[in-house]
Structure formats: C-alpha cells, structure tokens
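Both of the next two complexes hold chain A, though its partner changes from chain B to chain C.
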Partner chain A sequence: MKLLEVNNLKKHFSVNDSFLANLLNKNSQVHAVNGVSFSINKGETLSLVGESGCGKSTIGRTILGLYEPTEGEISYCGKKISQMSKKEKFGLKEKMQMIFQDPFSSLNPRQKVKDIIKEPIRSHDIVSREEEKDYILNLLDKVGVDGSYLNRYPHQFSGGQRQRIGIARSLSMEPDFIVADEPISALDVSIQAQILNLLMDLQDEFDLTFLFIAHDLSVVKHISDRVAIMYLGKIFEIGDKKDIFAEPIHPYTKALFNSIPELTTTTKEKFSVLSGDVPDPIQLPQGCYFHSRCKYAEEICLKEKPELKEVNGRKVACHQL
Partner chain B sequence: MKDLIYYFKRDKMVIIATIILTLIILSSIFANLIAPHNPYDLASVSLMDSMKPPIWMKDGLDKFLLGSDLQGRGILSTILYGTRISLLVGFSAVILGGTIGVTLGMIAGYFGGKIDSIVMRMADIQLSFPTMLIAITVMAFLGRGILKLIVVIGLATWVTYARTARGSTLSIKNSEYVEAAKLIGINNTKILIRHILPNILTPIIVIATVQIAQVIMLEATLSFLGIGVPLTEPSLGLMISDGYKRLLSGKWWLVVFPGGFLVMIVLSINIIGDWLRDVLNPKLK
Partner chain C sequence: MQREKILEVKNLKTFFNTKDGVIKAVNGVNFDLEKGEILGIVGESGAGKSVTGFSLLRLIDPPGEILEGSIKFKGQDLMKINKRNMNKIRGKKISMIFQDPMASLNPVLTIGQQLIEVLQFHLNYSRKKARNRAVELLNMVGISSPEKRMKHYPNQLSGGMRQRVVVAIALASDPEVIIADEPTTALDVTIQAQIIGLMKNLIKDRQTSLIFITHDLALVSEIADRILVMYAGDIIEYGSKESIISNPAHPYTQGLINSIPVLDKDQKRLKQIKGLMPSPLDLPEGCKFRSRCSKKTDYCKNNDNKLKKINNNHYSTCSEAYQLQKELIAGVG
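== the complex of A and B ==
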C-alpha cells in the first residue's frame, strides 16, 4: 500500500527578493528540486542519497509542509495535501514528523525535557492530563533516556541523548511517517550505530515508514529497503537497495559507489574521483544534468533530459541504456 | 542562576552598586515613612523656611538636614519623593518602550517581507531624529505630566529594542527547534512567545538595564528644560533645574544634593548593566 506519493515535485527558491530585482525582472532562482516523483509504501524505508546541495533535505521539508512546493503534488494515503482543509492539514501533522540533523539546534535551549515532549502532546490532545506523565516516561524509556531527567535542560545532555529526546518528541504524536534528515551525521561515530539501531527498533515497534536522507552510503546500506540516488534536484536511479548496491547502473551511481574508500590493497587503482563540479543550480544545464561530468556523454545527453525508465528491476534516468 | 550569583560575589563594584541602588529604591518607595516631612503637603510648608542652608552651616535649621528650597521644602524630603518619580518614570518608560519594541521587532523579524519593511522603515525614520528632539517636541505640545512623560519616552525609545529583537529573531527563526514547532502545528503566536521570546531575552535585558539609566537622565533633562514633570511634583531633574538658577548666589545645596543623587542612581544602574552584559554574554565565558 502506498503511504506517500510524490508527483513531479519542483521547488525553486528566489535568490534576490528585493523590490529592485523584481522591478528589473532580474529575479534569479535556485532550482533545488527539479521534478521528482517517487512513492513510499507503508512500513518501508526509502533513502535519498546524493551530495550536499542536491535537494534531498528540500524534498523532505517540502513533503512535511515547511516549504510550499513550486510545482507538483504530494499525496498522503491517496489524498492530495494541497487540497486538504486547514483542519485536515493540522491532523496530518500527527501523522508526519521529522527527525532533525543537528541535535544541538533542534531542541529549544530554554525548555525542559518534559516541556519539549509535552508541547506536541498538548497541542494535539494525544492523551489526557492524568495520563500525560506516564505517557512521557514511557516514551523516554522507549528511546533510552532516563525518566529522572524530565526537569533538565537540553544543554545538560550529550549529542546522542539530545537526539534521543528529539526522537521522543517526533514519536510523541504517534506518527506513521517520519522524515529523518541525516539524523546521525552530526553525532560521534560511536553513537551513530546506537541511534541507527534505535530507529530500526522503533520502526518495527510502531510500524513506521521512513524517508531517510543521508549521504553516508554505509548507513544507507544498513537501514534502507529502497534507495533513490539524486543529483541536482533529480532522481537518477531508484530501486531496491539490494539491486542497486549489487549492480549500480547509472554512471553517477557508479561514480558515487566508487568514491567509497575501501581498505584493500587495490584501493589505489579502483578509487576514482569525479572530475569537475556540480553545475550551478541557478543556471540549469541543457539536457542531462550530469553530462558535463559523465565520461559516456554523447550528443543526445547534451540536448534531451533523460526520463526514468525500467532497467533490471529498477528505474534509471540515462540515455545510454 | 547559580552562575549569576557566583559571578556576582566576585565583583565588588557590582555588590556596592547593587546595595546603593537597593537602598535608593527602598528609600524612595517608603519615602512617606522616612522623609522628615511631606513636600507635597502645602500645609506643612512655610515660606518663612525658604532657602535655609544644610544643618551644619550657620542659619541651618534642625528640621532641614540638607537645607530647604525656595518654597521652604526640605531638600532631603524632596529628593526622596523626587527619586520616586524619577524611578517610576524610568522603569515605566522602559517597560512600555521595551514591550512595544520587542513585540514589533519580533513580528518584523519573524514574518519578514512587507511587515518587516514597514516596521523597520518606521524605526529608521524615528532613528534619524535624536530621541531628545522627539521627546522635547512632543512634550512641548502636550505640556507637563508624569503619565505623558512616560508615554512619550516609551514611544521615543522603542527603536533600540525593536532592532535588537529583530536581529536576534532573524538569527533563530530558521533554527531547527522553530521548525520542529511548526511541524507540531502550533500557531505563530505561540511560537513567538514560547520559542523565540525566551531565546532573545538576554540581550534585551541588558539593553533595558542601561536604558533605565538613560531614561532617568532623559526625564531629568526634560524636567530641567521645564517640559517634564509638573512643578508640584518635583523630580530630581526639576530640582536641579530650580537650584541651578541660584547656584551663583551661593545656594549650592539646591543643586549639589539632587545632582549627586542622580549621579549615584545612574552610575549604579550602569555598573549593573555592564556587568549583566558581560555575564550573560556566553562568548565571554
């Protein structure tokens, strides 16, 4: 069953919003997301992978309504979000939540732990006032934070514990769908595995669906069911994790996988780095966005944008297949 | 809070300033109990007692410790009552200006766009005139009065708070905890009150402390110029203004005592303000 469907999503940001720029029609835009379509089934984890600035986080935030989409549709349980009433949108907040990247800025430094978790519970009347305390304690226990810390402030915790508190806040409204925006990249390596396992345990227990945003491929391999590789606001390859990790097809996916340093004697020969830079997202290139760095690029790649097409059980956007 | 007490104990200047300020505030609040007589009570004032020097000088009277003024009011009593008015104006004007400024600044910073432009252009326009000039002009039209003075000074000083509040709001409105609050679905008013306001309060408190001293000075200046508080309820500024005219005729006590009192108030508030700024600034720790 499809829980979430994203159809041809585009999100552009204005660079210069000043009065004069509008007047002179010189308003340039950053093309963060350029027509992305995918769907997520209930209970699965889809990972969005790509280098920084490719629009992964923007997609997550647009789905959750932090940004208005420039174009395209997002549907939750078959219902278009743009056509929902205000009340329905408020109800949807319970169903869709987010886990943030930086545990040091995602908790209000002036709120106690209990107030941080109480806020969503009170706003949405999840439980009655009498049950509230037990509910919070139970939640903290689930994410592995001691119940005696209820009256502490965020600065009294370590990064890992803060991230656990943030996760407890996201779970407090019993959501079905969670966008995890690089939830472990700001943590110590020793804590990363703990948080990752916690997320997977919670997924089993609460039947959660994850949109997992990451750039660390080993993490993606560990947690995902399906993977989408992104470049400059477009999906280049999307399919089952096993298929893609076993045999990457798109030239960019190959290059990305090759860039993981491996501890073998042959590392030096196999380790290849892409030359050049990601094109300017303000002035999008013609044709395939990757053509400037692709060693297989031909005439057609400069002129036409490749569409996603079915190849070996997954979808790939490349002219060369 | 613990830190605050720790730093407080280490700084002798601040301890002294706090003790002086507390004494001044208490004595002005309980002026009617402490003061030898009530300078507002015309029945107890006699013109016969006019211009008496302090008690230790020749012609000094027992009932006027620090001498008396033209109307025969005791300087000490008038200072105690006058300080009450000066402090009342200082605190009220800062609370009024601070509330207006912080509210507008937060709204401008948080919502941005047209609201931001309108509020900040208003602030720029007001800032291009000296605060003193605005206060003098408006008070000249309205006439004397304590309430008028509070409102005018409050409205003339909101810009300082608004600019600081806007800047701080801008720096945290895109933080992830504000996004988290949006994802919960709580409305903008609650976000502003619960998440933005507590986190921008530190610089505001520092500014407000220093502003109290400045407002007391502003009030004294306006009263000195004869457009502040009414003659019947003299503040420190009005007393200095009165005394200054007679300074050259040797009646120094009319101006030295209220002047010294004003200096003590302003100095102690400034010392405390400076200390607060240092202690509350995490970068200096």
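== the complex of A and C ==
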C-alpha cells in the first residue's frame, strides 16, 4: 500500500526578496528541488542520498509541511495534503514526525527531558494527565534512556543520548511515518551503530515507515529497502537497494560509490573520479544537470533533460542508456 | 628498510586546568614519524587526537598546558626552543591543515594576499616572485584560472576550492611535515576523494611526511602507512596499517572496525560498542576501556597502559591481546 506519494515536487527559494528587487525583476531563485516524484509503501524505508545542496533535506521538510511547495502535489494515504482541511492537517502532524540531524540544536536547552516530551503529548491530547508520566517513562525505556533522568536538561546528556531523546519525542505522537534527516551524521562511529540499531528495532516494533535522508552510503545500504540518488534537486536513479548497490547504472551514482572510503589493507592509488564542483543552483545548467562533470556527456546531454526511464528493474535518468 | 625519523614524540602530556578539575587530554603518548610516511591518528571525539596534533606545534593556549614530554624534530627538541625560533619552524618546516576551511582562511583578505603573505614571511620572497609562485601553487592544487582566483575572497569559493587553497598555503613553504586535522570532514564524498588524491600525490612527489588526524578509520586505511588509535588520551594501538586492519589487537579497535557498515556485506544488525567514553575529568585506573569491554579480566584494572609488542610492526596496550600472542608464540615454539 502506498503511504506517501510525491508528484512532480518543486521548491524554489527567493534569494533577494525585497520590493525593489521584485520591481526590477532581479529576484533570483535557488532551485532546491526541481520536479521530483516518488512514493513510499507502508513499513518501508526509502533513502534519499546525495551531496550537500542536492535538495534532499528540502524534500523532507516540504513533505512535513515545514515549507510550502512551489509546485507539485504530496498525497498521504491517497489524499492530497493541499486539499485537506485545517483540522485534517493538524491530525496529520501526529502521523508524520521528524528526527533532526543535530541533537544539540533540536532540543530546547531550557526544558527538562520530561517537558520536551510532554509538550507535543499535551497539544495533541495523546494521553490523559494521569497516564502522562507512565507514558513518558515507557517511551524513554523504548529508546534506551534511563527513566531517572526525567528532570535533567539536554546539556547533561551525550550526543547519542540526546538523539535518543529526540527519537522519543517523535515517537510520542504514535506516528506512522518518520522523516529522519541525517539522524546519525553528527555522532561518533561507535554511537552511530547504536542509534542505527535502535531505529531498525523501533521500525519492527511499531511498523514505522521511514524517509531516511543521508549522505553516507554504507549507512544507507544498511538501513534502506529502496534508494533514490539525487543531484541538484533531481532524482538520477531510484530503485531497490539490492539492485542499485549491486550495479549502479547512472554515471553519477557510479562516481559517488567509487568515492566512499572503504576499510582496506591495501593503499589506494587513484582517488577522485569526478572533477569540478556541483553547478550553482541559482543558474541551473541547460540539459542534464550533471553534464559538466560527466565523462560520457554528448551533445544531447547539453540540450535535453533526461527523464526517468525503466532500466533493469529501476528508474534511471540518463541519455546514455 | 629503516627510514630517517623526522619526528620523535616522547611521553607527551597535555592537560587542561578547568574549574571542574584537570582534563587529561593527552596522557603521555610516545610515537615517531618517518620521512615520507603517512601516519593516521584515529579516535572518537574527545580521544585527544586533535590536542596531540596541536601540541606538536605548541599551539596550546591556557587553560591548556603541555606539562611534560619532548618533541624532537630532526633531533631538535621543540619544547626547548624559544618562541622566535618556534615561529620559524611552525608554518615553514611543519605546517597544519585544519578541518574547517572557512575558519582557517581570513575572510577579509583575498586568497592571493594570504598566499603571498606566507611566501614573504617564511621564504623572504620579493612581492613579484611571491605572486608568481602563488599562481603556480594554485595551479598545482587544481584551481582553474588561478590568476583570476587570486583576487577572490574565501566566501566566493566553494568548500572544496577553499580546502584546496588551504592545502596550497600549507605546501607553500615546502614543509617537511604536514599535520592535517580532519581535513575533509566538512566536505562531500566526491570532493573528499578529490582533496585526498591531491594531497597524496603532492606529498609523494616531495617526500613530505603527513600526520592525518581523523575519526574515519576507513578513510585512513586507504592512505596511511601506519595507524595510531587513541582512546581517552592514550595511544591504545599502534602499528602498520595491514596488521591493525586485518588483525586488530585491542577490543576497542575491533569494536570500531565492526561498527562500520560494510558496503559489500549484508548484515542485519551492526555490532555496537556499549556505553560511552569515560569523562576526561574522572578517568578510571588501569585500562580506561574496561567498562565497555566484553573481554575484560581481573588484570585490566591494574593495566599500566603501556604499549606491549604484538609483533615487530604492531603494539597494543591490551594485556589480553598480549597474553594471547605470547601463548601463540609459545605454542609454535
């Protein structure tokens, strides 16, 4: 069953939104997301992968309604979010939650742990006041934080523990769908493994659906069912994790995979596979966004944008296929 | 083949005096660096790896203090020379690459000015000669149209280009040792690969030695000759890369290797290391890892934390590993 569907989503941000700039028509736009479509089935983990500035976090935030889409539709359980009433949208907030990247800035430093978790519970009337404390203790137990820490402040915890508190807060709404925006990239390696294992356990226990946003491919391979590779606000390749990791097809996916450091006993001789930088998202290039760094680029790549095409059980956007 | 030792560090102790107590950030480490070698220092945040790097250049400010130890650079003890002479070595003979290129470049000077400054200060170049050399250096680190880029400010460059400029500045005075503190952590993987490849080529050509400080064991395994693993201010394992990666002796190193998800292997759950690193204010006696260790024995709380020989290219503080190795040799004998 499709839980979430995203259709031709676009999100542009104005850089210079002053009255004068508008009058002179000098208002330039950052093209963060440029027409993205995908769907997520219930109980599944879809990962959005790409380098910084590719629009992966923007997609996550737009789905949760933190940004208004510039164009396109997002549907939840078959119903378009833009056509929902205010009350329905408020109810939807319980069902869709977020885990943030930075456990230092995503918790209010002036609130105690119990208040951090209590706030969403009260505003959405999840449990009665009498049951509240037990409910919070149970949540903390689920994420592996000692119940005696209820009256502590965030700064008294380590990064990994803070991330656990953030996870408890999003679980408090009994969500079906969670956007996890780089939930482990701010943590140390040995702690990353703890949090990854926790997320997978919680997914099994509560039948959660994840949109997992990350740049670390080995982590993505570990946690996902399906993977979407993004570049400059477009999906270049999307499909089953097993297929993509067994044989990446798009030139950018290949380059990305070759750039990841791997544990090895032999010294690597050749490192970089891609030259140059990602183009400026204010002035998007003509044709395929990747052509300036692609060694297979031909004339058609400079002129026409490739659409996603079905190849070997997945979808790839490249003219060279 | 025995290569020339360019840097010898003995019993280096760097402590920070805070109002909560003394933080023993680096607690008596010993290691050396050979000419043309790449030494990787690996550890989690708080392990003391960056403080070790900063201590080598005496870049520790109060409340921090280098309490003890000697840092011999080509036979000369850097701890014993005066500030003036240290300034001649720092940045010229031993230079540093920092993690965040935006913070290590001066935002109000053009990158040309910053390169020329280094060349004039350390090598006494004339302005014109320094300018020409600066363009050459930018070209060498792969910055296109370097003449034009000389006039740009750091904020006009992308993260990868900024780090290329930092590499160019570090190489400007033709140093013998470069200390790189997480030089690619702030960059994307494809850009990381570019910078690492660049650094490696430039160093190989000049026989420069490199100390590469990072938390990323996989990255280090791709470039280093030897690896040094730090935990809570101690070196807990030290040796050739081949030996450490294929045969880690210390349970912490084993845990680190196991907690990295491997791309071409399917695993359902990751092996994790329980718990957290002990607070640096309150370090336990004996082995500092023992509260998290699954292999601990009664001996561990009396461990002297000295490196014990596993084989010719491999040392570890873990007594368990040492015992095992002895039994192995006895068995063979």
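We adopt the following convention: the second predicted complex is superposed on the first by the 311 of 321 C-alpha atoms of A that agree within 3 Å, B and C clash if a C-alpha of one lies under 4 Å from a C-alpha of the other, contacts with A are read in each partner's own complex, and residues count from 1 in each chain.
Here, a residue touches a chain if its C-beta (ideal position, glycine included) is under 8 Å from a C-beta of that chain, and two chains touch if they have at least 3 such contacts.
None of these values were measured; they are calculated from a predicted model.
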| item | value |
| --- | --- |
| Clash or fit, chain B versus chain C on superposed chain A | fit |
| Partner chain in contact with A:L302 - chain B first, chain C second, else both or neither | neither |
| Contacts of A:L66 with chain B and chain C, given as first, second, both or neither | first |
| Which superposed partner A:D188 touches (first chain B, second chain C, both, neither) | second |
| Contacts of A:S105 with chain B and chain C, given as first, second, both or neither | first |
| Most chain A residues touched (candidates chain B, chain C) | C |
| Included angle at chain A between vectors to chain C and chain B, based on C-alpha centres and rounded to the nearest 10 degrees | 80 |
| Which superposed partner A:Q97 touches (first chain B, second chain C, both, neither) | first |
| Touching partner for A:I282 - first (chain B), second (chain C), both, neither | neither |
| Touching partner for A:V219 - first (chain B), second (chain C), both, neither | second |
| Smallest separation of CA atoms, chain C relative to chain B, angstrom | 10 |
| Chain C - residues contacting chain A, complex | 44-45, 158, 160-161, 188-194, 196-198, 200, 215-219, 221-225, 241-242, 245-246, 255-257, 259-263, 267, 269-273, 276 |
| For the chain A and chain B complex, residues of the former touching the latter | 61, 64-66, 89-90, 93, 96-98, 100-102, 105-111, 119-120, 123-124, 166, 169, 173 |
| Interface residues, chain A side, partner chain C - complex | 51-52, 158, 160, 188-194, 196-197, 200, 215, 217-219, 221-222, 245, 255-265, 267-268, 270-275, 277-278 |
| Residues of chain B touching chain A in the complex | 175-177, 179-186, 194-195, 198-199 |
